[in-house]
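In what comes next, chain A is part of two complexes: it sits with chain B in the first one and with chain C in the second one.
This part shows the complex of A and B:
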């Protein structure tokens, strides 16, 4: 089966989707952005109002800068006569707005940094829309991406450049600050897996041997995947970041990945103390010996959730600041404390909509590579959300994953906006293939 | 090839959507279903913070003297602690560091939600109506506590005084101590806590209940109990020749006599002159199994059922007495034994109480805001450990150990009262001064107070500790 056949459009047109044809004016996007702007302004006014009972210039200035930023991105897309999806960007912008409001609420001294990162993320978004010119060209350099990804992933392990923060060695020193290379790695790996699977998918799935109901793919083609698994396990051991490892491997080949990860996780649990401690904390955080020790953060997070109730304490009226490192690890619980179950559900719904739009784009994509790429990108955003929200709500052990777009952190924000741009690019390719206006 | 990929993408999306649904249900559990219970959890900082505008219950001594109160300050109510010598017992209620001591053990009672008062809990939980907080009353007696503080006089160690009939703690001192007011002061708390955590002498540790020391000669009552109840005749004289070894297999290992004794000893002499070699021979005669059994019955190796954290001590590293030299050494309170001052006080309380061990407790009751009793804290006795007869025989010998001719524990005498007690000089690490012990009770015929004293690294050992015990007993007996 060759590429041109793979590029054939889906047999049946998608039955679901908001606005199949992209108008040049991007009116849908604009009208959604109006709501995003309102969200940013109201959020800042509420938080600053609750804290100081006066409206300082910061409460207007920051949302104003943010609104100018998203509007200029919108105008940029129009100017490019861009025909891609109009819903994803407003969702990402809405989540970013919530993130900025929460940084103001939880760690206002970090607000300026986060605002700067938001502007950089906007720039990265625009750059990804412009380059590369041909998206499918990405597939040709798959081994480069894999190599780069692995290099970035192990970079924190090296002396001098690596850095350990809060017990996890997942940072690389850059100038005065530090970045989390993992964030870029996840993009590179999705691209690699999409390209790799496009090429070998047939061989991998057309298998003679089976173990029970599971087909065993031919060994040589499994090597890169198993090698990735091995590296993931090594990274888990040395970088003490279970979260990144979970995402690393599940980045695309979900089922096989999950099985291997469970095996690896079980072995790691048996062998490594910090994995056991995480699981132990998850199982009994309220016990006397843990509630002021390793379980402290989780227990404080659960108190915050409990204080939320149905409609929340109101922005600025809860006590989420009792949770250590709340602005990066526990933003979900902080948001739920002040906006209640209703707010938490709304937030989860935004991610679900993101997933839905991303998967619609994947289904409509003209080539296998683009399909796998869009599905992989949407998948990691959804998985990351589930892993951290599940950790915050004590459904699964807590990991160091951050809530996409919302949690404080520059590396994550920049790469997630690049991810949105890639999804938009895929949708644009389909729209052009379809010969829309 | 496209079709199966589309199918895969659809099922992946469906699986993720289901995961989102499950996650939402999980979040609804914490925000709605478990909300009431967690919102009222005493460790929830929102409740401690709420005491900014609503006072937390007071902690009082047995005569109603305040030990911890909430006082109105400029920015709401501030917790204030009156007696630094009770810092480890009363504990602290800190927004930053959580709760400790009585503040933790009776956390619900101190916010007006005592478990014995389900209606208040229900009203707080479902109607949002909070009762004004009540108070927790401790068995501590200001007068005895003060005497114990003065007796120890800043020397590292601990003193426990308790009522052998009820198990109520009358005094509890642990030196060094700290100022809990610093721990709850937002401006000083972090520096104060860092200092406390780094202090080599562990001021946060309640040595009275959590300190673990070799008991030395004070442990001989356990050996004697095991012997008396196995039919050993206390009037039988045993030959003591310093230094002692049972046989040549001990090599160069000997049991030493504190008074380099040579002569015939019965059990009273053994207690009066604190003769290690006598008790080593008794222990070897009855055997390690019997000795281990009685140590266990007296609670060595099990944490006392105190309402605050308590150490469990140990009989030996392995929990067994499986070597003759270990049996001999354990018989006079050395070997690998470790006990807390509270455990020693409970052993002597058992003897004072006709062989029945009381259950120790710091608090004696919980009252509501109007002063009505919500709950009495009066745990029942733990059961008969030794027979009343054995207890009586031991009491007589312990009186001799204080008042008999040449008695080691003469310093513990209280004029006009028969004191029963025993000193101990517990060897620690080589090159370090031994710990000095005194454990005893009075009046011997109808005991109302048991005192355990330990002075860490006191060169004179038990001789240092005995008069301190007397001081505390005098205060308790009003002499």
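This part shows the complex of A and C:
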């Protein structure tokens, strides 16, 4: 292990040479967080108001807790004299606020749980800002991350700890609840592939052999990548979760190409019933045999989208509860029904801004590892959004991926907030190096 | 009474959408401003310097070589480092040299034989002055502008 990772040695100079200077103000962040707070309060007042036909003070409690949480994260960053990006955190907070409003709207009995997860996610965010002290250290343990990732990925397959919910075996029992290890896996794999590709970028890009116009990297260096592909396909077969497989694979084909997934997907379609069923439901959900069966959820989702129109039915005024499991699979349709095309567009724009900011952070990052890390992290959020929104809108087959920050679910919220913290850390490294804001 | 509540509720719903849009627009504005200032910073010349090889062994950089430094530089025996020191006495990932807040800093990355600055072992993160001699394995490098 790395010696310099231990306790801070005494009498070291202030780590980033800012000793004696007053904490940095993060005014941009604060001013954006004000809007986030307003969003949370208005959303809760509208939803609770529609439910109880009154503006009770009860509706303010949850947004108040949320605002305190977000502000304490802000103060934490100031106290750390953190110099990273000031926009990503408010965007993530805004999406989380929308998520809380939607949980109150769609499954209010789960609200307390989701609020607790939000607080845990805030803690995980703060912890990721603090550790590891040196981000490059992440690259050094890449094989550990790959091993852990694979272990977590196959964990649901084991009989005692694994758990099948709604036909997908992607949960692991922990105490009374269950967590979705895939969510942690995506972080681990982005870190692994960033480190792997950094180390072997020269070997991988050297092209002695070609198939047609495509250069083929030396075989030994492709082994981990092909192995990952194999594992992804196995997971798809045994865990019955196509969405995770697609994302898992895309985590690195962002850099390497998509042919293998298509081939694998086609073979899986030919061989496995549940993959065929998913695709059939996607292609003809309105057919007599499907619209009240496996296509019911999708059909109701499409009705909800249509019902939303341009400006929506109004928060708390639609009928999204007709969609089964709407709070985790179909939050996008629910939001689009109640706030209309206008609201859906704003929501998607927030994800777009997230991706935009993430890619700028990646471009500015000083080392290849940090560049690949930031690009991979922001890309995975964008892709996850694309896969689930596309599924909700019947653009692509529906998968069990969660809408980042918004959909109900603790594992996803916690890992996504850790992801934001990592992006912030990458931007901090660049700002420190370049003397930026 | 009933009607006023309904009207108020619609007011809240519309306000929600309006605030959502204002938030999106403000975020976009903040992003553009951040990008602007970052580009202004990027246009400034970086405090770039060189490590000039003073003493070396076979296979490692030759004496007199000027190794350009970037903002962050991983130094070690591994091919994945920014500065590769091909000496068995150097660790795979030996040290980090970085430019932060207008100064150069060196940090040992858990090397087996330690990192030296002017002959003394680096204990934590230490400031590097121009002219300082950095010892990595059997190779000595001097920081120059």
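Keep in mind that, in the parts below, the second predicted complex is superposed on the first by the 407 of 437 C-alpha atoms of A that agree within 3 Å, B and C clash if a C-alpha of one lies under 4 Å from a C-alpha of the other, contacts with A are read in each partner's own complex, and residues count from 1 in each chain.
As a convention for this text, contacts are C-beta pairs under 8 Å (C-beta built on N, C-alpha and C of every residue); 3 or more make two chains touch, one makes a residue touch a chain.
This is a predicted model, so every value here is computed, not measured.
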{"item": "Chain B versus chain C as contact partner of A:411, first or second or both or neither", "value": "neither"}
{"item": "Touched partner set for A:46, first chain B, second chain C, both or neither", "value": "second"}
{"item": "Which superposed partner A:128 touches (first chain B, second chain C, both, neither)", "value": "neither"}
{"item": "Between chain B and chain C, more extensive residue contact with chain A", "value": "C"}
{"item": "Partner chain in contact with A:314 - chain B first, chain C second, else both or neither", "value": "second"}
{"item": "Touched partner set for A:59, first chain B, second chain C, both or neither", "value": "neither"}
{"item": "Which of chain B and chain C A:390 touches, first, second, both or neither", "value": "first"}
{"item": "Partner chain(s) touched by A:38 [first = chain B, second = chain C, both, neither]", "value": "second"}
{"item": "Which superposed partner A:339 touches (first chain B, second chain C, both, neither)", "value": "second"}
{"item": "Chain B versus chain C as contact partner of A:356, first or second or both or neither", "value": "both"}
{"item": "Common interface positions of chain A, toward chain B and toward chain C", "value": "1, 5, 8, 202, 356"}
{"item": "Residues on chain C engaged by chain A in the complex (per definition of touch)", "value": "5, 8-10, 12-13, 15-17, 19-24, 26-28, 30-31, 33-35, 37-38, 41-42, 44, 46, 70-72, 74, 78-80, 82, 93, 96, 98-103, 105, 107-110, 123-127"}
{"item": "Residue ranges of chain A in contact with chain B within the complex", "value": "1, 5-6, 8, 10-11, 201-202, 205, 254, 291-292, 299-300, 302-303, 305-310, 319, 322, 336, 340-341, 344-345, 348, 351-352, 355-356, 359, 362-363, 368, 371-372, 375, 379, 382-383, 386, 389-390, 393-395"}
{"item": "Complex contact set, residues of chain B against chain A", "value": "1-6, 9-10, 12-13, 16-17, 19-20, 22-24, 26-32, 34-39, 41, 43-46, 49, 95, 97-98"}
{"item": "In the complex, chain A residues that touch chain C", "value": "1-5, 8-9, 12-13, 15-18, 28, 31-32, 35-36, 38-39, 42-43, 45-46, 49-50, 53-55, 85-87, 90-91, 94, 98, 134, 136, 140, 198-199, 202, 311-312, 314-317, 339, 342-343, 346-347, 349-350, 353, 356-357, 360, 364, 366-367, 429, 432-437"}
